[in-house]
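Just dropping this structure here.
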Amino acid sequence: MAESGSKVVSLDEAGRMIARHKVISLAGSHSVNSPMALIRAAIRNGATGLTIIPPVTTAIATDLMIAAGCVDTFYLSYIGFETLGFAPGFRAAVEAGKLRVIEGDEPFVLLGTRAAAGGYPFIPVPAGVYDGTDLPRLNPMLKKIKDPHTGAECYAIPALHADCCILHAQECDELGNAQFWGGNNQEPDKAAAAKTVIISTERIVSLDHTRKNVDRVTLPGHKVSAVVHVPFGAHPTASPGVYGADEPHLKIYFDAVRKGETKTYLDRFVAPKTQAEYLDQVGLDNIFALQENA
Amino acid sequence: MAESGSKVVSLDEAGRMIARHKVISLAGSHSVNSPMALIRAAIRNGATGLTIIPPVTTAIATDLMIAAGCVDTFYLSYIGFETLGFAPGFRAAVEAGKLRVIEGDEPFVLLGTRAAAGGYPFIPVPAGVYDGTDLPRLNPMLKKIKDPHTGAECYAIPALHADCCILHAQECDELGNAQFWGGNNQEPDKAAAAKTVIISTERIVSLDHTRKNVDRVTLPGHKVSAVVHVPFGAHPTASPGVYGADEPHLKIYFDAVRKGETKTYLDRFVAPKTQAEYLDQVGLDNIFALQENA
Amino acid sequence: MAEAAISGSNDYAIPELMAVAMARTLGREDGNLGGVGAAAVVPMAAARLAVLTTAPNLWWFCGGASGLNPTFDRLPRSSADPRAAIGSTGKKNMLDVVDMGITGGWDWGFNGGLQIDMYGNINMIGIGTYPQLKVRGPGTVGTIWTGTLRRPYLYTMHHTARVLVEKCDYISGPGYLTGGNSRWDKVQNTTEGPQLLFTPLAIMDFEPDSKRMRLKSVNPGYTVEDVKKNTGFDLVIPKDLPNTAPPSAEELFVLRNHVDRDGVLKGVRATIG
Amino acid sequence: MAEAAISGSNDYAIPELMAVAMARTLGREDGNLGGVGAAAVVPMAAARLAVLTTAPNLWWFCGGASGLNPTFDRLPRSSADPRAAIGSTGKKNMLDVVDMGITGGWDWGFNGGLQIDMYGNINMIGIGTYPQLKVRGPGTVGTIWTGTLRRPYLYTMHHTARVLVEKCDYISGPGYLTGGNSRWDKVQNTTEGPQLLFTPLAIMDFEPDSKRMRLKSVNPGYTVEDVKKNTGFDLVIPKDLPNTAPPSAEELFVLRNHVDRDGVLKGVRATIG
């Protein structure tokens, strides 16, 4: 089973796969468990004109793609650097009129993904959820309909399908059976709502290891297209149980983009072709120190 | 926190609580992890005129309530004793015209419960799922509508709300934080779709035990109304990781009901007021032998 | 009605033969994902056997216990038995299962019925006039997925004219509906329709154009006449009809030592007539 | 704009005062379920502190890390930090969180905004003309739940006329809309509307009939004039206005030894003007 079924590819190959797609989804929250190495590989491989369906809260993962000029359309729920401030790449792109925003929110992005994952054309929510806000006016994808059973008004949140879903796992075997150790479990629906699923992982484990830890397997591998071994692949975001977020690095990014020095950041941290070269730039001592904050 | 928040009640009190409700839902599949002690307590306490929303597959748990004459209306997906045969109480009641059946199926019951759990008035599925079958004709709750985004036809599966949800847990603390060790995870949605949630458990554990095993806590207790300590409370169905199903006992039930001797079964196995008296009837040696098949 | 098991060869029971035949067929699904559900002990054995013989990379879901690719060697009587999940590589909750039914994520699956008709339609609802049916079926569970999974396989443990009927009283699982291309006016057009029907007596497929059920091979020890006599409609009967190949010594060895050490299959009821 | 922290008492930082004031308020929610989300380090500290002081039976959900009732004693900077789930009694996945938002399962919650107006409406969308906004907000996440959770509590770390505006440019979280009973023409009528607003300068509530924002207490070291000057609309100002009680020695002891041992709150930015 093992050999013939292996889905392991190189980071560069994964980057090319991602760059071939248009609608990209991802999981990870804020500065936790974003598939950062995959994102850097996609940028290096010329990803362009992307539509992004992010998790309900996001930070550097999507801001970097926007700042690098890869993104046309963004399904918004929340993007921000929490204590650091507003997402600089996102804010600059919108205020310059360079980014189309679908004005979504937590239920819109989450239930749109859920609908796509389940094959439902849409999910209706009671009108009282959105009436009284400006969201239906700003987001024409929220359509008012009537519940055929009761006549009550509701809004239909349409299914949000992705071409390619990118995820970072703490452990994954070569068949794509993956463990995500933290977070709020957006991964399975993100994967189910996409045609292609690509997983980077801190560690590739044996199928026996998977069987032994089956209760921790959060995503069975049958829909996974590719698995990439990338230690510290979530850096500078946290990898739950493995290392914490690199707050000084996040600030380097934040300041660079806010000052219009995105290219400096890209040249130094996105251009390196391998994860080893990237980690050299970050400094292995810095990386190892993050393991204390796992 | 512990003392003032305790939700522990007696089995008899739980039976009275259930019997006060009309629409009852439950989890557990076939002959696995049904809340049997709670069901017997509800029957003893005069439950009547019930509407049952079962799990997508069910056997003795619901057949017993039907055979005992407690049930008016039954949301059907599947009821059967697998290798033993058709559910005898259910079949007799329908063929005698004494039970109203809502002709549902796996997606109808599961997504109806999901919709109620999520507060969605309904969940739409593509028309192609049901067209070509007789289900829409036999079940007027499946209403055809149009997706407002694409115009495609779909069927709206309405939310199925319950008054009271009864579940059997392997471990549960006195605040209702519960662990279900097997099965296919229908419990959280069943609980969320009900106003009142009652849990029987093999073992009441400490809150510290819950914190230590948080990754196994499948249902947080905030919506749980009552917790009942009932060792072997799933018997004669299996309690995953604790004991296997009692196949000889299932056959005793099956044969009794099929031969019209339901009263004999009820007198012997449902009438006993405590779990200890019930286990006496079953025979403790028989019970302990089932622990080998957990 | 006769118990079919005793009509089989002395060397194997009919449910064992059926499991072996199903496992051979699953060879064509190697690498694909499918599943078995309620009252499916024979397909369950077949999937486990296929992984060990014809389809090492098969992905399969084992019903109520919710395990993917379990490695039990003592076949449980029910897919909901917690022991049916032993050695799994993952789990699927019931919502995943339904979602994949709707999205068409399942490549293959096994379904049975109270009635199965000449176009491979399935009835789990009942027989007689609704709602006070003469025979109330157990309910349709996931038979609806015969319309959405890519290649449905059918089986019944009871080869009789009462099960194999010309036309189902009700359709809960769409086969080829009224034959020809009629299926694809109703169901998702990416799905292929029923592939085969396994019974204690024979294996059937469907004529490519008319989609009428066709005899494919007769199980060892039985004749075409036995099949005709116990089928409630006219099967398409090709010339030069082979017998189903009996289980090989190797197949039986693997089945009995690595799939069903307790001989559960030997006790599964199979009837003819 | 002034950093508020330095304007507070020498004995505590303004975010500490705010956390203590919020924790006192949570005493009325004892036994109830609520939560905190993104950019919510102060409410996160408040909920943890409340469990240890005013609300021992509080149920609370800690955002992105998804833990219920965590027992951390080193306050993380983000609710998504995996360490924010330490000692939890359960987890909620994001779907549960949304479902409970829709069903009205949350009793209480904290929400902030880029703008908050005189009727407690929230704007996280932006300022200026859509879509090319002058100030693009971070997106509305779950601010919509101010319409569905039973008792929303509001907070901002920036008490300025730019945040506290007469009318939001856009409404992403419904407060009392245009005042009076207007809220209940739109949102679920079982919910109560915003209860309080916590800022570095003061605590506000809402006048029972008009639903206009009303000053409730001024934080120690500040005056009613400070509040008026930094608020972009006319607050209702009652007579005999008390000061917010400063943190007691006990509250500070529990906060600094059992909630925030690393002094994270002291470094949280709070501004006035």
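Each chain gets a letter, A, B, C and D, in the order it is written, and its residues are counted from 1.
One rule holds for everything that comes next: a contact is a pair of C-beta atoms (placed from the backbone, for glycine too) under 8 Å apart; a residue touches a chain by one contact, two chains touch by 3 or more.
Everything numeric here is computed off the predicted structure, so don't read it as measured data.
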Give me the set of chains touching subunit B intersected with the set touching subunit C.
A
Of A-C and A-D, pair with higher C-beta contact tally
A-D
Subunit A and subunit B: spacing of chain centres that average the CA atoms, whole Å
38
Distance between subunit C and subunit D based on Cα centroids, please, to the nearest Å.
58
Report the inter-centroid distance (CA atoms only) between subunit A and subunit D in whole Å.
28
Averaged over CA atoms, how far is the centre of subunit A from the centre of subunit C? Could you give it in whole Å?
41
Could you list which residues of subunit B touch at least two other chains?
111, 118-120, 125-126, 215
Return the residues of subunit C touching two or more other chains; collapse runs of consecutive numbers into ranges.
91-92, 95, 98, 102
Pairwise touch network: line, ring, star, complete, or other
other
One finds touching chains in the pairs A-B, A-C, A-D, B-C, B-D
Residue ranges of subunit B in contact with subunit C within the complex:
29-32, 55-57, 76-80, 82-83, 86-87, 90-91, 94-95, 97, 100-101, 103-107, 110-111, 114, 125-126, 128-135, 138, 181-186, 189, 238, 240-241, 244-245, 247, 293-294
Which of the residues in subunit A come into contact with subunit C in the complex?
1, 4-5, 117-120, 173, 175, 177, 188, 192, 207, 210-211, 214-215, 217, 219-223
How about subunit D: which of its residues touch subunit A in the complex?
37-39, 41, 64-66, 77-78, 80-83, 85, 91-95, 97-98, 101-102, 124-125, 130-145, 147-148, 170-174, 177, 183, 186-188, 268-269
Can you check the complex and tell me which residues of subunit D touch subunit B?
31, 33, 51, 56-57, 59, 67-68, 71, 87-92, 95-96, 98-100, 102-105
Residue ranges of subunit B touching subunit A (in the complex, touch as defined)
111, 118-126, 141, 143, 145, 147-150, 152, 154, 156, 158, 215-216
